[in-house]
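We call the chains A, B, C and D, going by the order they appear; numbering starts again at 1 in every chain.
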Amino acid sequence: MKNVIGVINLGKPHSMLDELTRNRSIASVPFGGRYRLIDFTLSNMANTGISKVAVFTLNKSRSLMDHLGSGKEWQLDRKIGGLFMLPPAITFPTADYKGDLQNFYGHIDYFNRSKEEYVIVCRSHMVCNVNYSDALQFHIDSEADITMLYNRLDPDTVDLSNCYQLEVDEHHRVRQMSSDADEINTGNVYMESFIINRTLLVEMIEHCIAHEQYDLTESLIMQNIDTFQVNAYQHEGHLSIINSTTSYYNQSMRLLNPDVWRGLFFQPGLVYTKIKDEPPSKYIETADVNNSLIANGCIVQGRVENSILFRGVKVAKGATIRNSILMQECEIGEGAVVENMILDKEVCIKRGQTLLGNASEPVVITKRSTI
Amino acid sequence: MQRKEIIAMLLAGGEGRRLGALTQKLAKPAVPFGGKYRIIDFTLSNCSNSGIDTVGVLTQYQPLILNSYLGIGSPWDLDRSNGGVTVLPPYVQSDGGHWYKGTANAIFQNIFYIERYNPQYILVISGDHIYKMDYDKMLQEHKKRGAEATIALIEVPWEETGRFGIMNVDAHDNILDFEEKPKNAKTNLASMGIYIFNWDVLKSYLTRDDENPYSSHDFGKDIIPRMLQEERSLFAYRFKDYWKDVGTIESLWEANMDLLEAFPTLNLHDTEWRIYSVNPNHPPQYIAPQGSAKQSLINEGCMVFGSVDHSVLFYGVQVGDKSTIRDSIIMPNVKIGQNVKIYKTIIGEGTVIGDNCTIGVEGADAPITLIGEDSFIPSNTKVKN
Amino acid sequence: MQRKEIIAMLLAGGEGRRLGALTQKLAKPAVPFGGKYRIIDFTLSNCSNSGIDTVGVLTQYQPLILNSYLGIGSPWDLDRSNGGVTVLPPYVQSDGGHWYKGTANAIFQNIFYIERYNPQYILVISGDHIYKMDYDKMLQEHKKRGAEATIALIEVPWEETGRFGIMNVDAHDNILDFEEKPKNAKTNLASMGIYIFNWDVLKSYLTRDDENPYSSHDFGKDIIPRMLQEERSLFAYRFKDYWKDVGTIESLWEANMDLLEAFPTLNLHDTEWRIYSVNPNHPPQYIAPQGSAKQSLINEGCMVFGSVDHSVLFYGVQVGDKSTIRDSIIMPNVKIGQNVKIYKTIIGEGTVIGDNCTIGVEGADAPITLIGEDSFIPSNTKVKN
Amino acid sequence: MKNVIGVINLGKPHSMLDELTRNRSIASVPFGGRYRLIDFTLSNMANTGISKVAVFTLNKSRSLMDHLGSGKEWQLDRKIGGLFMLPPAITFPTADYKGDLQNFYGHIDYFNRSKEEYVIVCRSHMVCNVNYSDALQFHIDSEADITMLYNRLDPDTVDLSNCYQLEVDEHHRVRQMSSDADEINTGNVYMESFIINRTLLVEMIEHCIAHEQYDLTESLIMQNIDTFQVNAYQHEGHLSIINSTTSYYNQSMRLLNPDVWRGLFFQPGLVYTKIKDEPPSKYIETADVNNSLIANGCIVQGRVENSILFRGVKVAKGATIRNSILMQECEIGEGAVVENMILDKEVCIKRGQTLLGNASEPVVITKRSTI
């Protein structure tokens, strides 16, 4: 995949996860017991063999940079190509930021100086496991200008607000797209990933900026559906859309389904993340665990049910965790009860405390709190 | 090339015949241990945690397998441009190939490698022991004492002294003499096979030893006795923590079971001294609604639909519905069917076990059952030792 | 382990006897070239610039020297956890040591290494040619043509065809036949020793070749002729840029002098296709008030007090007051005294030349003088070929 | 050197180099044909075998981060220890920044969580080549609380304004220090590098902050000379103090002395920097070079005299460069004349242009200008 640049576009303000994104970008929200959301997109690129990836950041990117480091886990610690972090070229109050295309335009030289023929642009809140090779081959064979990736979901059961849906004809051509389910409700959900020829991308960015249009999806793609050949490529695997705290919670809980677990974490490739070198998890005599995902480094002495424990969580004797997500290094004291909660990293629940959330509206406890 | 104060030479040559089916395809240091690790991870992690960044790994057999496991050394922080980890098998030379004739000869044949780093001190260790030790503290003692060689010692039960190299020391921990596997030991201070030498001193002994046709070219049998005889200053460094030679099936099983104590002597959860290993990039383990896990160590990528009790599961192990695992060690990617009972068994990597099998014998004094790598046990089979 | 589309096997086995004193301590691919590089840097840089991140380096001799030069592969961006550069010497096996019997046998003995990456294609290259080539373009042609093997060809002067393997091709560049060093060549298309094979096809040929007691186990003499004979689809890939086999003192000298043209065919200043090398971390070169440099390539760490004309100076070279260097190649860390004249000479690494010496013979047609590594030429000496 | 943390303190505002530090911190000012100032301090640490280094940054650290990357060149790309970039914990207008100790205090956890016994604190504008092992041994043997490194310079010939000078007694104990040459003019110049025990450093930082004192040198060291045992260790090698554009120019020109060249670049260790993989420099037939330092990747066709050419500089036929410093990738057109100038990176002088500066007050041409 010498011929492709991967781009992860985090340049669109996206604060739908409230508390979870207070001090981090959505790309670095922990997910699935040991990952950050960006790991999925970045691993997809690594598994496709892409060795040059640009991450367009916006703000709150400190934790993201700590997480990515030199990109070693994704084989991006390279002299030739490698990982590029591209923040907006100017420091600005958020009010001046007009849209993600502004950030692309600010780094237009990055595209101009590259030799690769194709660019794959993704975001990080659409969690899936995909090898882009087939989609790229489809893009080349169909001689498309733009190829959009989509997934079929059931609009009656999945919350598709904030999603774009597509109307695709029998030649795989996109006829229409809209984020308004009253206009289009086909269940063909645009995964906010597309493939485009590099030179065309540069032209289109420059054209948009010249016309003071700044939104990548709307200005660059949606407006051009009739002008350019915009095709759609269907991804068949699992897709989790994270666009609210509730969907974060629900999509996390879906991982407790063994089919989803296998489908998201193993097929077609493995998901890489920052290695923590934690030992295997340890279950003491009094442990009573079921229907749960447990990452390494945990020590479980109490009861854990329908829950997700990130790396290094400690659950003391007599404690009960139910329907909850406990991020890295949470500690739950003896006899404490935690139900329907999301505990951000390093939360400490003292012995005997009881925290009962609401199943339909999970409560998030702020990072490093002690209760 | 920058001079190194100290480099390590790790003897990983053991064929490990006593580990039977587990070492058919693997060198002994590559045998899985503790749910996540391979035996050699402990000594490599000790090196990097001790600040030693140059490790030559001496192997007699299968250099490509060790090469492939060690890679460029990244997991142990040993991916260094100047130094790092290097596998050193015996090469074909212009005058033909030479096996390493003994532990001392293995170092002797790699003098060229060592001299590249021009070290003051050299640490000689074995790749088949389980322990956590700060070699830097030992080096500081070596320097402070002005020793020419320092040997790490541990107290062993008197009844086991016949299995070890036993040292006799004076009140100041100077080594007086050394007996290999004595019948009537004078002390219970056993050599852990961990030596620090001044390189110039060791080099002269290795060179002389190489010229001696009657030598077996072994540190314990030849080099150390000769140094004692010539009254070099040999100093004992006492070690009091967990240390285990896992050279037999029994000791391998015991060392794994030791980890299942609520507060084991060898604490893997110590963040100050992590044990590093190659990461398989598996997701968190899944314990199903009908599954359970008690008194066990379970690694990422496992799916447990049955019950796991007082056992160690490596990554990617699947345990089917209504199956029970007890007092056992299940190595990576083993698939266990439904309604299977497994007692006091070690199962090698990649083995597949059908439904309704019973493996091993229940009970604390039962013998250990061993199933080799990549075996296939058809449904409804009973296997025991 | 992730599958690799293509991996490279680099033949670095040449003893390079024709390079005389320069290869007494070095394998031929490690001979310095172009003021900064070693010959093998060109093929390694071609690999990484072509997006090939897995390179097995096959060496018959002195694996530790190559190991020490290549390290973990960082300078060439080949320090990869999965893949990267690996030196593959013949190891001592359980049934003793085996030399590589030929180029094909060297690959055959390393099937285990190759299969770890499960590649679709395999690129076979030599470590002793100077050229810049995008192997990925060749691979794309190979795939597009649906070839089973693709061989890179270059037009050579008709009078030199007797030194090369010469191909006969049809109008579509299908290879019709192949002659090793023919007396009366039908074409002037020479094989560059660069092959892409479908791995499954090559593997079957290597296996059959190994069983053939009459084979010399060579790609050019055995594998390619056999594939042609069995009408496999072999495709020629034409290359038109700079390419030079630097196997003799004359060609090594010429290739260095080629770089001194104002616009050389082999452009080292091309930032799109850099040639990577181990960096000695030397400061910028210093040209003294009385020094001068013309038509020359000079590397970092040099101190020039004399005059350098139409010459190549590697790093760390010192040229004393009133000394003159002309038409010469001065390898790393050579120290040249005062009032020395050097003409058309290659001086090996680390040599020291006293004051008032005259080395070599002036004039375009003069023979090349060669001074080996680490030599010492006392003051007032005259040396010529 | 498992037992030492290296600290490079860039947390003191330092804008004395005007144009050269307009968009970069002083630590990343190019020096010596291929280095940045920070390379010297960082290489000293690497050559001493220190594998854990914290860089306390202040602002304009973008180019510094690009330069350092993962710290590979200094063998600091490590899982255990390695390179830590520590910017001020809060984003702030410069007015709120009270001093470098505030930054140390903001990262006090970094020191608390470390196990190393000693800390070596340096800055980046004192250019020297030193192995800290002897100084550390001296610190340990003399049982000092603080050991300050100093160099003997001649106050009559070297500009020591902005420098602290020391009064040292026969027991190597510092008796007094001052930045006012009227008070102390011994020529014992404090190199703004000192060694201290980690736990003592933490105590002293906390004490200073509790008393609202924020300047590392003055509050932590100078005030405590009588209270603590503060010793001085003399460094014997070359020292260049870069504290103005003029001193930058003069100290650069000193590198044209072969003894300084050898002493600074080779003894006791090599100086590492970001590798650019440039080819050897090329001299064309018409080249006429003397008394100059030329880095790799240059192509010289014209005349170069008493000058320093950084990597990738091109000098066309008939051009003359005299008494000047040309940073990376400057291009000088045919027949142009450049005298007594400092050209920042990528400056392009068109054919026939003449730029004549003043030897005593060198003029700096802004990065990427075309003239």
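Definition applied: contacts are C-beta pairs under 8 Å (C-beta built on N, C-alpha and C of every residue); 3 or more make two chains touch, one makes a residue touch a chain.
Since the model is a prediction, treat every value here as computed from it, not as a measurement.
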Which chain's C-alpha centroid is most distant from that of subunit C? A
With contacts defined as at the top, give the pair, A-C or A-B, that has more of them. A-B
Which integer distance in Å separates the CA centroid of subunit A from that of subunit B? 40
Using mean CA coordinates as chain centres, what's the gap between subunit B and subunit D in Å? 46
Multi-chain contacts in subunit C: which residues touch at least two other chains? 74, 80-82, 276
Where subunit A touches two or more other chains simultaneously, the residues are 72, 79, 277
Name, in rising order, each residue of subunit A that touches subunit C in their complex. 1-2, 47, 49, 51, 72, 75, 78-80, 115, 269
Where on subunit C is subunit B touching in the complex? 61, 63-64, 67-68, 71-74, 79-82, 84, 86, 89-92, 94, 96-99, 112-113, 116
Residue numbers on subunit C that touch subunit A, as the complex places them: 2, 5, 48-51, 53, 77, 80-82, 136, 272, 276
Write out the stretch or stretches of subunit C touching subunit D in their complex. 34-36, 74-75, 262, 268-269, 274-277, 279-300, 303, 308, 312-313
Name, in rising order, each residue of subunit A that touches subunit B in their complex. 32-34, 72, 256, 258, 261, 264-266, 270-273, 275, 277, 279-297, 299-300, 308-310
